[in-house]
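Each of the two complexes below includes chain A, the first together with chain B, the second together with chain C.
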Partner chain A sequence: MGRYLLSRAWQSLLTLFAVVVLVFLGIRALPGDPARALAGEDSSPSALKAIRHEYGLDRPLPVQFWKYIEQLLHGNLGVSINTGSSVDSMLATALPVTFELTALAMLIASLIGIGTGVLAAVRRGKPVEWFANGFALIGLSVPHFWLGLLAILYLSVGAGLFPASGFVSIWSSPLDNLHHIILPAVILGTGLSAVLMRQTRSAMVDALSADYVRTAKAKGLPWRTVITRHALRNSLIVVVTVAGLQLGELISGAVVTEQIFSLPGFGKLTIDSVFRRDYPVIQAVVLVTATAYIVINFLVDLLYSVIDPRVRVAGKDS
Partner chain B sequence: MTTAIPVAAATTLRTRGRRARIIRRLGRNPLALISITVLLIAVLVAVSANWVAPDSASATDLAHTFSPPGTAGHLLGTDDLGRDILSRIMFGVRASLEVAFLAVLTSLVIGVPLGLIAGYYRGADSVISRIADVLLSFPFLILAVGLAAIRGASLSNAAVAIGIAQIPGVLRLVRSDTLRLKSLDYVAAALVDGASDRWVLLRHILPNATSVILVQATVALPAAILGEAVLSFLGLGIQPPQPSLGTMLSAAQEFAARAPWAAVFPGVAIMLLALAFNIFGDSLRDALDPKGSR
Partner chain C sequence: MTTTTSPPVTDTSHVLEVADLSVSFRTEGGTVSAVDKVDLRLDAGEIVGIVGESGCGKSVMAMALAGLLPASAHVTGSARLDGSELLGAKESTLRRIRGRDIAYIFQEPMTSLNPVLTVGRQIGEVLQAHEQLSRARARTRAIELMNLVGIPSAHERVDTYPHQMSGGLRQRVVIAMAVACGPKVLVADEPTTALDVTVQAGILNVLRDLRNGLGTSILFITHDLGVIADIADRVVVMYAGRVVESAPVQDLFDDPRHRYTAGLLQASPKPDRYAGSDRLQEIPGLVPVLSTHPDACTFADRCANASAQCRTSEPPLVGYAGEPQGDHLAACWHPNISGHEENAEER
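Moving on to the complex of A and B:
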């Protein structure tokens, strides 16, 4: 267990380091003068010089990289060209919105995805399975930003059921907050539920034909108990991994969803920063996303090895 | 000397028989037939959009803005500039397919060789798998954001971003299939017979991994189509006035309350395209499955 953890942690650190190097080189691969890009188009020569000095662009590349790492380790992600405020503070206001959106979406996705997946597996060959499979196929094929668009058009503007855009902090009014975020969360969540449903279904089908399920059935356990305590529990191992891998989809989806519903989160920050050529923000956004991805997948692996002892054993020889 | 010919003939016979069985299985599946028909129509429309489309994609007609669907000459209506929506969808489908094929091709050209090498040589595996991990930690949208920031937003950059994001998936799949195939007896036999690594990889492992690669490609195509739509919708992909289903939807956002059809039809087109690919992919996987009963 300890060795497996150590090797996974080492791998994650290595990946993280490579990501930092990539982002560092990416900013330097910008067309033209990176100092001009970092300072904004109409900056004075003295401002350019200051930026060059601040980012160490007037020094050799290894020295620049060292300075860059130093800044990162101090948690300093730079200053936005556009607003002049620190990128750290911009992230601090944007991230909670995205956390709430993605957490709620993940909850909805799990409820729908695992629920329909189990139903489809238990009622194999029945109409229920056909409906569930059809739902998943359509869920995989429908562009979710389009569903969001239609939801705004018909549910918000048309029927007036939900606010079409904007956000209220959970701290100022929890109810208003929910009213603003539930529609985007449902749209994002149903999008993710299709993949979860498919994985749950195939894992459950495998589990239901396994010997231990037959044994549980034979010893007279109620069917409901066999499904929830035996089959589903073992299927969830697969589902947890898939949920971890889906994180990229979740982040990408959140960016689009926030853009459509004008939620002031991480995704909106990302898109705005690209159009305003706000390079310090772009750099921070890319770095934060990649780091989150690596850390969460490491945690998923941990969880995986806690649930499934076989992983720990397999980890020894790889 | 003479034994070489019957062996080769038997192999082609066997592959021909296998191919025929797969086609027979697909032909017996009505959903597969429907999806193939939809895809053929889409490809046909994309290739011949210049001649089939009732209107040019960019011809504006300010006297006939927001014509509802069914208006004479505009089956699906017109948008805010009086442009024919059906024609724009046809050209948009072309752009979608272009990006999707480019993206999947990119991911296969890079992912398949890397996967083969990683699965075959243990030494290379750790390096290549680490690279895949790094790629995997950039969600495709973030990758596209970075690429758009560095190289600007365009059709080809959108395709590259989607393609790069799909590399780890291809790589891992081909790697694990190579690992499996490498341990089989016939590979060992070929090696004992003095075959070079290159020969084994290209003649023995790659052909047997084809079905896995094929299925992966059919899963990747609809994902790429949705990816293009998202990127263009956000302004990170195809740039207006070049028609794309994503940019059409993003423009329709402004006037959706007045002309809902402009926001509905392009989305339906994306969905049909992705749905057809997904159903075809599912059917193909079933048909390729040697355990399948049909």
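Moving on to the complex of A and C:
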């Protein structure tokens, strides 16, 4: 188990390094001169030269790379061209919002998706299954930005149940925070809950006809134990994989959701920085996103080995 | 009247008493009958073997006892475990009986254990469910049970997962699980079919020891007559959902009365037959779909001795003239009695 995790951690680190290199080269391969973007279109050659020197852009690439790594290791992501404030502090305010949004969406989607999936599998051919299937179809086919707009229109503006936009930090008022973020989280989670519902249902249907479930039944275990400890636990192996893969979707979904609900999160930061060609911020945003993906993958693997003992042994053998 | 019928259902001296058990399945193509009016009894400490070709309804019959069949199954008849009726019992009642009074061992040790739980946990679960043991106490008992069924270094293996064990050890785990609560009846559905011969011998010994030590009655399902000869006290031969012959093991091998039984014996390898030029005999024809033969001997189409009577009326499962007290029963209009043919009229 330990060795397996170690080897996965090492893999993750290598991937992260590759990402850093790619981001570094990618930014420099973009069309347009960052110095010109910094200085403005009609700046003099001497001004450009000064800026190039200031940002180290006149140095050879390896030297630039080394400087870049050095800065990264100090946790310094640079300064925003647009606002002049440090990218670090911008991320520090934006990331928690997005983290909360996606985590809550994931939680809601898992509860709804796995719950209805299990029900649909256990009550096959009953109204519950039709209801769950209908729900999944809607969840998968209706774009969530449209759902979001509907929700704002009817629930926020119409019924006044939720604020239509804005955000309150969880530290200043947890209740207000929840009030602001619950609707976006539900909207963001609908697609995922539909996906999870379908996966859970089909995995559970398989598991329920598996020999070990028959064994569990023949042992005289309570029906609830047969469902949860035996069938569901095995089904979760598939569901966790899908949830992990879908987390990427969730993050990109968060970008749109944050726009709709005007949440000051990572998605909003991304879009703003792209529109304003704020290179240091874009660079940081890409790096953070990639890191998030790598960390998520690592966590999914970790969860895997908790659920499925066979994974642990496979890692030990290799 | 010189025939005897099978024991009356009201007799409660048997641990398990099955009478008139029929099972049919609702399928898209209509109703399919899988088990047809089966009578069966199992005495305390007895090992009864059930043999028959693949698809003749052995597993369905066994699963029906504890209500383990899917909802599409329609079960009628009676199955009494220590006098109390199992068929049609409430699910909550059955749940308390399963694993405690009647336990199962299934064919595939590779798939009948849950891959994500330790074997100790899976054995302990039964005890937690039926004897309200704590998890720690259940684990200790699991180790004892693993020792009982001959799993070496059980105290280490208790925390391992099924995939870390060989097929033979897994099947021993399944057996440990099945006998955890000291059931009265153990239903072993082809417990050795998936294992190689040496491992198989070990498993048979474990089962025999359990019977001798704990007095467990065993319903042993197999299509291997060699295994039957090895372990069973009595044999029930099934064909197309019906019992065609039932006899003490030695009687059946010495004196098979039903043509199907005789065919089965000829179709199974014996060492002495390899020495000669005899080849294994195949029984010609296919196992029929039961629903097409409601009023006939189901074996008639494959039987060399079939008469018009065989095709128009179903033979009862009866003993033979001259031995009304005997327990050698056959369902045949023209049974083969000690080598010479009898006419149905004489019975």
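Please note the rule applied: the second predicted complex is superposed on the first by the 291 of 318 C-alpha atoms of A that agree within 3 Å, B and C clash if a C-alpha of one lies under 4 Å from a C-alpha of the other, contacts with A are read in each partner's own complex, and residues count from 1 in each chain.
Basically, contacts are C-beta pairs under 8 Å (C-beta built on N, C-alpha and C of every residue); 3 or more make two chains touch, one makes a residue touch a chain.
This one's a predicted model, so the numbers in the text were calculated from it and none came from an experiment.
Q: Check chain A with both chain B and chain C modelled on it and let me know: fit or clash.
A: fit
Q: Applying the document's definition of touching, compare chain B and chain C: which contacts more of chain A?
A: On the superposition, B touches more of the residues of chain A.
Q: At the Cα centre of chain A, what angle separates the centres of chain B and chain C, to the nearest 10 degrees?
A: Taking chain A as the apex, chain B and chain C sit 80 degrees apart.
Q: Given the touch rule stated above, what does A:293 touch, chain B (first), chain C (second), both, or neither?
A: In the superposition, A:293 touches chain B alone.
Q: Just checking: does A:222 make contact with chain B only, chain C only, both, or neither of them? Give me first, second, both or neither.
A: Touch partner of A:222: chain C, not chain B.
Q: Return first, second, both or neither, reflecting whether A:211 touches chain B, chain C, both chains, or no partner chain.
A: Only chain C is touched by A:211; chain B is not.
Q: Give one of first, second, both or neither to describe whether A:73 is in contact with chain B, with chain C, with both, or with none.
A: neither
Q: Figure out whether A:234 sits in contact with chain B (first) or chain C (second), or with both, or with neither.
A: In the superposed model, A:234 contacts chain C only, not chain B.
Q: Looking at A:142, would you say it contacts chain B, chain C, both, or neither? Reply first, second, both or neither.
A: Touch status of A:142: first partner only.
Q: In the overlaid three-chain picture, find the nearest pair of C-alpha atoms across chain B and chain C and give that distance in Å.
A: Nearest C-alpha pair, chain B versus chain C: 11 Å apart.
Q: Starting from the residues of chain A touching chain B, keep only those that also touch chain C in the other complex, and list them.
A: After superposing on chain A, no chain A residue contacts both chain B and chain C.
Q: State the interface residues of chain A toward chain B in the complex, per the touch definition above.
A: By the definition above, chain A touches chain B via 11, 14-15, 18-19, 22, 26, 29-31, 137-138, 140-143, 145-146, 149-150, 152-153, 157, 247-249, 251-252, 255-256, 259-260, 270-271, 274-275, 277, 279, 282, 285-286, 289-291, 293-294, 297.
Q: What part of chain B is in contact with chain A in the complex they form?
A: Against chain A, the touching part of chain B is residues 130-131, 133-134, 136-142, 145-146, 148-151, 165, 222, 226, 229-230, 233-236, 249, 252-253, 256-257, 260, 263-264, 266-267, 270-271, 274-275, 277-279, 282.
Q: Give every residue of chain A touching chain C within the complex, in rising order.
A: Chain A residues touching chain C: 210-212, 214-223, 225, 229-230, 233-234, 237, 307-310, 313.
Q: Under the touch definition given earlier, write down the residues of chain C that touch chain A in their complex.
A: 66, 68, 91, 94-100, 103-104, 106, 108, 111-118, 125-126, 129-130, 161, 163-164, 174, 177
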